[in-house]
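The first chain written gets the first letter, and so on, giving A, B and C; residue counts start at 1 in each chain.
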């Protein structure tokens, strides 16, 4: 199966039509767990982006050498290697951000989205396309995390990226841990609503 | 070296746990425990000299880690029959730490020296409760959500999934503990944690799969499907990681894994009960499916926040 | 059969490849990690003393570390202090009553004491086969040889797990500052112990006030809040802060237990330290041991 999409299409697919968080509903854990601020979302997004791109490229490079029977262990090994690398790097160069993300950086290893892209895309396509696909999916995750972070930070502590915007704290509830579920749920409903409205408008025409 | 230390530790632990059984008759003090927030209660096996028991100078009490700082005994109250002494301190005790009480006779000779601490079993249970309710992996740690939302549609699937999870979790956590204690720490390979743990989890899943297929095909037919899902789940890898960061021993690791698995089962069961009902409800089309499930999970999470800080033991 | 061989071959190769990548990553990051940890620690210390990048610490000031060990030998416990002397280090052993047992001059480089494992090994060597357990580290800050502050580390149980703090005290054991280093309290509730309006309430409390200090479940007065957060002019703020100097700590809304554990933890650390330091100072003066602080 040859890939007929351009690099731009691959990226936009990851961000919009197949957004890992809102559309595929994969890797929800960090989306709920540590999306209390934009910065947290951004940092974890970068980590995932890194792992996704490097794993996609690695698998794509070695796709002919991987025996089909040990496909899944190979994926796991690849992902685990890159997660270890980013984990060590973050712990060394950004200790503060790393402390905030806690265990979630290590848990990237179990994110379904990465394995899924390797299985569905990288093991068949060329290195270049895999790179763009990985980049798209990673960016999709990053954008999703940042949007949730934006909502929670603005409504919870009245700031964006630490800068005071509203001057007061509207609803403490939004930075409480359980609010992550509500925000993600409401945003999914919002996207559904747009989709339904769009389809209805189209149908009427 | 490490191995040796561990062995020594275990032998000592065993000896200490057996000690009260063998020496009960010979010990002067048969029972010691914390009472109210500034109280230690000692129960004697036989009545001792009242003057010694009543004299607060005959007691020396300190926290085990701070032997140079003696705690001030305000009063020693002897019970009617002379068998029980309650030591009252001027300040509240820090019960998280074990305290050493040493009792000296009038002549200054040490009659007894004992360790007062909270029972270990209570600590183990508190790890279990904490993983089960207070730090429920789904509702307060937000782990394993993909599988959580994927398999909580029917009660039967939820139960099956939860049970398989618990088994795999306990098995892999115990294996991880051995690897962590005897390979990763001694050889300073801590940075390989992620690779080793995920490898062990995959191995456990594969092993359970093979064993179940051979031993009980009926069970395999009903549970086998979930095994594949287990690998791609963060709950299962989080347990060894938490074990490593808290430096738990093997029993504590077992309790943590059991609590985590039980918590996941509980969460799945609760969620599936709600979702079975939701199927019958009239939900706005925009909220159908995942959005409403998320909102329900949010409500559960808020309810579970109420367990925060729960301390039974 | 051939299949299995190729699988094994390829798996071994990929494992080796992965190991190389991880090994290289580990070796390149380990130095930076240690360096950053060190820099971070230093920054917290200077911040507690009131210095920052804009206002660097004067050259006349020096930080001296005291390491305390519990030495036990067949049921007999003593306390060992590793002190910086005028030249080299001194290991002073005191018994539980605070009487001197032994002093030894230790010839080590200061840099070799910074790492805990290395230091433990050295101390074990000094103690001569006795069991040694590291207890804590205290930093004495001197300015032209005069003591100006103490920095203490501490850890105590919070609402959920442990809370790690660093404290700065002046020579009279009044609090100069409090910094929360690590905690796992609930975000939005107990995690607010990190905020200035909570931490700064401890600033300036004298030893006597501290001994009897409690937390109160009252709303934090707005003026006090603004002063603690540093939102108003320094002179006005000082007056307001002074007014509340002997007041108890205002508990955080919805996190009374976290607030109380910080209060009790800080109290415990300061009290124990004051007790020990007085004993140590008395011994040092009596034995005429020359130390760097």
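Following the convention adopted for this analysis, a residue touches a chain if its C-beta (ideal position, glycine included) is under 8 Å from a C-beta of that chain, and two chains touch if they have at least 3 such contacts.
Note that this is a predicted model, so its numbers are computed, not measured.
J.: Can you tell me which chain is nearest the middle of the complex, judged by mean CA position?
T.: Located nearest the centre of all protein C-alpha atoms is chain B.
J.: Is the C-beta contact count larger for B-C or for A-C?
T.: Greater number of contacting C-beta pairs: A-C.
J.: Based on the averaged CA atom positions, which chain is farthest from chain B?
T.: Of all the other chains, the one whose centre lies farthest from chain B is A.
J.: How far is the middle of chain A from the middle of chain B, if each middle is the mean of its Cα atoms, in Å?
T.: Centre-to-centre distance between chain A and chain B: 33 Å.
J.: I'd like the Å distance between the centres of chain B and chain C, where a centre is the mean of that chain's Cα atoms.
T.: 28
J.: Any idea how many Å lie between the Cα centroids of chain A and chain C?
T.: Chain A and chain C have C-alpha centres separated by 38 Å.
J.: Give me the residues of chain C that touch two or more other chains.
T.: In chain C, the residues touching two or more other chains are 18, 22, 26, 186.
J.: If a residue has to touch 2 or more other chains to count, which residues of chain A qualify?
T.: 73, 77, 80-81, 84, 88, 176-177
J.: By residue number and range, which residues of chain B touch two or more other chains?
T.: Only 191-192, 195, 305 qualify.
J.: Please name which positions on chain A make contact with chain B in the complex.
T.: 25-30, 32-33, 72-73, 76-77, 80-81, 83-84, 87-88, 103, 106-107, 109-112, 115, 176-182, 184-186, 188-190, 192-193, 196
J.: Where on chain B is chain C touching in the complex?
T.: Of all residues in chain B, those touching chain C are 65-69, 94, 96, 134-135, 191-192, 195, 305, 308-309.
J.: In the complex of these two chains, what residues of chain C are touching chain A?
T.: 3, 6-7, 10-11, 14-15, 18, 21-22, 25-26, 29-30, 32-33, 36-37, 40, 182, 186-189
J.: List the residues on chain B that touch chain A in their complex, please.
T.: So the residues of chain B in touch with chain A come to 139-146, 149, 191-195, 198-199, 202, 231-234, 236-238, 241-242, 245, 285-288, 290-295, 297-298, 301-302, 304-305.
J.: Report the residues of chain C in contact with chain B in the complex, numbered from low to high.
T.: Going by the criterion above, the answer is residues 18, 22, 26, 70, 77, 79, 94, 96, 98, 135, 157, 159-160, 186, 257, 268, 272, 275-276, 279.
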